[in-house]
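Chain lettering (A, B, C, D and E) follows the sequence in which the chains are written, and residue indices restart at 1 in each chain.
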Amino acid sequence: MLGNLIQQTVNALTIGAIYALIALGYTMVYGVLRMINFAHGEMFMLGAYVAFLLLTMLIGDVGAAGAIALTAAFVVAIFVVGIIGVGIERVAYKPLRNSTRLAPMLSSLGVSLSLVTGIQILAGPQPVAFPSFFPSVRYEVLGGTVSSVQIGILVAAFALMFGLHFLVNRSRIGIIVRAVSESRPTAQLLGINVNGAISMVFFVGPLLGAAGGILYASYYGIMSPTMGAVIGLKAFTAAILGGIGSIPGAMLGAFILAFVEVGGTALLPVVTHGVLGTEYRDVLSFAILILVLLVRPAGILGEAVSEESIVYKREF
Amino acid sequence: MSAAGTLTATRPRSGRAVSFLFFAIALALIVATPFLPNYYVRVINSLLIYILLGIGLNIVIGYAGLLDLGFVAFYAVGAYSYALLASPQLDLHWPFLLILLVAACLGAVTGILLGIPVLRLRGDYLAIVTLGFGEIIRIIINNMDWLTGGPKGIARLDKASILGIQVARPIDFFWLLLVTVLVAGVLVWRLERSILGKAWAAIREDQDAARGIGINTTNAKLAAFATSATIGSIAGAIFAASQRFVSPESFTLQESVLIVLMIVIGGIGNILGIVAGAAILMLLPEVLREFAEWRILFLGLLMIFLIIVRPAGIVPRSFGPDKLIRRLFGK
Amino acid sequence: MGKFTATLLLGASLFAAPAMAEEATVGLSAPLSGPQAYFGTTWHNGFKLYVDKLNADGGVNGVTIAYEQEDDKADPREGTLVAQKFCDNDKVVLGLVNFNSGVAQSTLPIYEDCSLPTMTFGSNPSLTKQGYKFMVRPVANDLAGALLPAEYALGKLGAKTALVVNDKQVFGQGISEIFAKNFEAGGGKVLDTIAVAPTDVDFTAVLAQIKPKKPDVIYLGAVMPQLALFAKQMHEQGISATLIVPDGGYTPDLIKQAGEANIQGTLVAIQVPPMDASPAIADFAKLYKAKYGEEAGPYSIYGYVQGQILEQVLKTTKGLKREEINAALHAVKVKTAVGELEFDETGELKVAPSYLYKVEGSDFHLVGQK
Amino acid sequence: MTLAFDRLRKQYGQVVAIDDVTAAFAPGLIHGVIGPNGAGKSTLINMTAGSYSVSSGSITLDGKRLDTLKKYQIANSGVARTYQNIRLFDQMTVLENLEVCFYPADAAGTWKEVMWPPYALARRESRREKCMEILRFFDLQGYADCDAGSLPYGRQRMLEIARALVPNPRVLLLDEPAAGLNHHETAELTARLAAQRLPDRITIIVEHDMDLVMSLCDNIIVMHHGKLLFQGTPAEVQASPDVQLAYLGTANDIDDIRAAAQDRRAQLGIRARRRS
Amino acid sequence: MLGPNGAGKTTLLNSISGVARASAGAIAFEGRDITGMRPEQVVRLGITHCPEGRQIFQRLTVEENLVAAHIGRAGKSFEALRAEAFDLFPVLKERRNSVASRMSGGQQQMLAIGRALMAEPKLLMLDEPSLGLAPKIVHQIFRIILDLSRNGISILLVEQNVQLALECGDYAYLLNTGKVKLHGPAQEMAEHSALSEHYLGGASEAVLHV
């Protein structure tokens, strides 16, 4: 029983860490531009593919890649995807910055569709095996099984999240980004380079997403062109649950969602005496999301903006 | 906002030419369809179903300004109404028109039931919650095997017949769909011009000010959800009758997103825009069928291009059916 | 761009070359884009391989075979459009259609309405029970596909308990239900049936549920890449039950994606004989690699076999009308690369071969057949 | 039979925006609310119209509690308002901006309108006629088919007031109606508002333009730091030393600053002189 | 610069700082045409706009607010400027690590001015610094404004508190409905009867000479 509990906790933490890395990208872009970037799931996918491509160029036989080559590919790939993210913003979203709110969102849908299909054409539609960072070693902890890969993912994800926390809360870049996200006009008035700050966000968000993608591909051992769609939706749900626009919210939302999913799988059949099986897990996740939003319409850590204090004109 | 404003000023002369072109193409299609091979009729039928869905969803998105990403749920409600009431699944074989009525009512009820909890939410939060509802409905359908057949779906649906006339061939469905689309289009257009339509517009423009002039925004929004769901449900019932097989695969999130895209690319809040959007998103992939995956890439890039060039859609909101008629026959 | 030019040239050639002798057109429909494209294309390639060979030899009794290949995206709506396209085209006299049972469900009524005979690939048993007169299924259905592994588990492995996992899709759920029935009929006990979402990639939570139940075998009714993911995570979570998977797992990707160490001993049931089972099959494998530059896909051999069936049909048919082809198709009795095939009155194979493989090292080894 | 505030209070966290305001507004009169920025004038309007919740105290109209009602119910009890920042329905035409105010009355007939064109036509005609009348009163008839958002600023102000008048409200709340208007427009506005003075209408104007307030209002309330500082006729208000202080500061403060300012001038060697 | 709400004062400041674009006419600063420059260029030239309603970054700490305004500037180091600001506003030093939204209105106004000083302005434009503040605090703010001026910073002050503004200012403009109605040396303006009419609608001249 205890073993099972530990097992499930570690499982949930691992999934939550990956969700969090992606949710952060959604929430940062939203914080600064009030825009849902539907192409963000594809940054996750691109991370894995770029890393794979680098490995192929680096050592030829990807299957035999060692930890050092992988780490090198990891670092380069996330930066490459970050730059791709900045480029996409310039081409597909910047022209729409003063347009309706729906326009950049749908433009991002177009970007997402193009990227998935582009990769399908270039790399083939079928899933591809992805090498693991370290040999999978299993540890028995009080009856639960924890694999070295899970530990690795947790360490890497938390390191990145800590890095982001440092960047946002301690660095000058972070101050600028937060200033721009709070009020673009005021930031402009103070002579802050608003475009630079937005580019920064579109660099860091995809970078984290790509990191999530590589960790994910390495954890599960495969990647596919459509891998961003499902996990992107989950991460987006997590970001909304935590309160979109809030960085701690995204992380909290991601872990809550992961625990709900794991808990749903483990407990749904037991609690409902088999009436609702594990197949209703996603229903549970969405139901909890809806309940949370009914109580807190702006998510758990989101700032509830009263309608009277801000003039809401048409959204699209 | 200002971008949308400038688009309202369409130059009358080119507008007239465009009107005639639009009208001529539509008329030519309607006249020619009975003589086309069945494959083309099926493509046009599928186009008409999407136009019908677009008309329904547009009420919520275009008129009332609420981003609904779970519209496909209502489509599913309608489709499964037909599948359950006219198939060996429950061994019920109700007449088509009766089922259509039941589907419409069920759609309205689900619309209101889903609407009540979500209407406090705004914008993106509303979007994700409606998306969640859409997914919940799909998952439930996929898992209630005893009723819906689960992933296997329901096969061998009855052939539909209206007052003794069998509706089974693609061309029969073409006429059925054409009439439905026209009736729904006219009614919805009249609804938009009614006092309720004005109230929706007010809510879309400024919800707080709308309350300030005495509009019960909750009721008005529920009315939007209910009408939109009714149309979606009717479209679902006709879809099921023409496909004679339903399965949860037809009601995924992508389907909802596709309809939203159709509306936005075509011209949000405008029935003519929906026709244009549906034509682009449905016909283009069919025309480019040869190119397999390249066609989807092309579609994605075209989407980005169209939205950047015309963020308010191909047909501006102001160029509605009334203007079309005035341009065609008027002074 | 190259494809575009190719299409233009193809169009031009159609106009340029008037049909000299008689020609029979076959409509091919399967997922050619999206995640299942690999199965669709390699299956069709097997068919094209045989037909091209026939045409090169001057056709069958002077009749050459043309084919029109369309993408159904594994989507029922696309499938019906393609079906209608074939129906409308009078030249099409036979359909080689629909990899997915779900798509076949919605296209079969259309083919039936226009009397176009089809060789359907969807393996759901219910397809042949709906009274369609114009279809045959030249491949074992899931009833057969899930019988052999159940017998093997009970008999050879001595398994007493099984746990069934399915992906709540038509194929996965259907075949795992049949396995469970066969397993219980043979005296085994099914401990539990667990459903996962078709989009799931993480099974750790499910596996943690399974672990304390300690089943002897786990039957996983799903498709790739879930099969590989499940196998990998199952091993990592320290579950030692024997994993049995259906035909989707019969691909080198299973071993590559799961990792060789994680997949050892896994059983794969499929209707396909091993590539070295007979000289005819070995021959086919060589030809395929020579023509397409890659190993044959899991269903390529069936495409090839369908070509052989078609050859026999053209030999015995009275004419090239759809009805005549249909009659010949239902009456066909032909020796193919996978053995002698003939259909019963519902269009089902009278004797459907099925095979069971075990993963050993980086290869599949035949451990049973029926 | 009046609009009455009873010990009204509004608090945001620690900040008290309105502090124990009790006042009554009689029908047939135009009431002005003045005071320095941040004194809580707009908050009063927003609470009356239901845009802000009331922290404690009550608002009653003809003895009926308003503060417990929802915003649209308050509007339907006869309270109409304009906003400090104009809030029109920008992408609806001028006429539609007014027409939509008939929704509370006509909503029940929507389906009849959709199904029976002659009825729809008749309803629309009758609505349009009433709206055009109001538009003509504000000299806006020429803009009837323009998008409201495209109107010049001054016309938008007028349109917002016109919209508030459509349901013939019992209480009319105007939040800085003259802000941003030029002299001519302000005069026009003053005249129009004077003409809308009805025996049973309570008009409340929050305004900085003293010309308008002093010439139009029958009764003036002066707010200062969330409290009611003074209430009286325009003449009384102008004569009140308290009011002058609130607007212009106390003698001591000024003396202090004056000293500092002179000190600075002395240091920088500036004399009060005309610059070239 | 004086005038009622909506007179166009804020618009004027916005055109100077480059946030809004002038439809016609030109703006010159130190003999240089700055019409149509982007805000960051204007700031670099030494014009800082301290907007109405303070507009400090509520979610940032005091220190971060100051940093945000200094990033990308040449000239004095942040530490030096911060020290100057802390000298001027000791309360900011006390609360340097608290989140700005927790501070009182007066403290926020001080932060807003302190933040504007991070750009080492030659011209500081203050839009209604007394808005919503208690008289005592207003008083304090104005003394600081005088101090700034003494340190050689030109000040363009938009204010509703006429009396204070005229006492402190050297030269005044009265704006209404987008036009300059009156202008002149502050002390002359204070005696002008038209001014009092604008504020109290025909009040006696005596009001201004309390």
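Rule of thumb we're sticking to: a residue touches a chain if its C-beta (ideal position, glycine included) is under 8 Å from a C-beta of that chain, and two chains touch if they have at least 3 such contacts.
Bear in mind the structure is a predicted one, so any value in this text is a computation, not a measurement.
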item	value
Path length in steps (a step moves to a chain that is touched) from chain C to chain D	2
Farthest chain relative to chain B (centres taken as mean CA coordinates)	E
Chain A and chain E: spacing of chain centres that average the CA atoms, whole Å	43
Approximate Å spacing (C-alpha centroids) for the pair chain A, chain B	32
Between chain C and chain A, distance of the C-alpha-averaged centres to the nearest whole Å	37
Whole-Å gap between the CA centroids of chain D and chain E	28
Per-residue overlap in chain A, given as positions that touch at least 2 other chains	120, 125, 277, 279, 282, 308, 311, 313-314
Junction residues of chain E - those touching two or more other chains	none
Multi-partner residues of chain B (at least 2 other chains)	1, 4, 139, 142-143, 205-206, 208, 293-294, 296
Residues of chain E that touch chain D when the two form their complex	4-7, 128, 131-135, 138-139, 142-143, 146, 149-150, 160-164, 167-168, 170-171, 176-178, 184-188, 197-203, 207-208, 210
Chain A residues touching chain C - in the complex, by the definition given at the top	4, 7-8, 11-12, 14-15, 63, 120, 124-129, 132, 136, 138, 140, 145, 147, 149, 220-222, 224, 226-227, 230-231, 261-262, 265-266, 277-279, 281-282
Of chain C, residues touching chain A in the complex	33-35, 37-38, 168, 193-197, 199, 201-202, 204-206, 208-209, 211-212, 224-225, 228-229, 232-233, 236-238, 253, 256-259
Complex interface listing, chain B residues touching chain C	37-39, 41-43, 46, 139, 142-143, 150-153, 155-156, 170, 243-245, 247, 249-250, 286, 289-294, 296
Footprint of chain D on chain B - complex, ascending	1, 4-5, 8, 187, 190-191, 193-196, 198-199, 201-202, 205-206, 208-217, 219-220, 223, 317
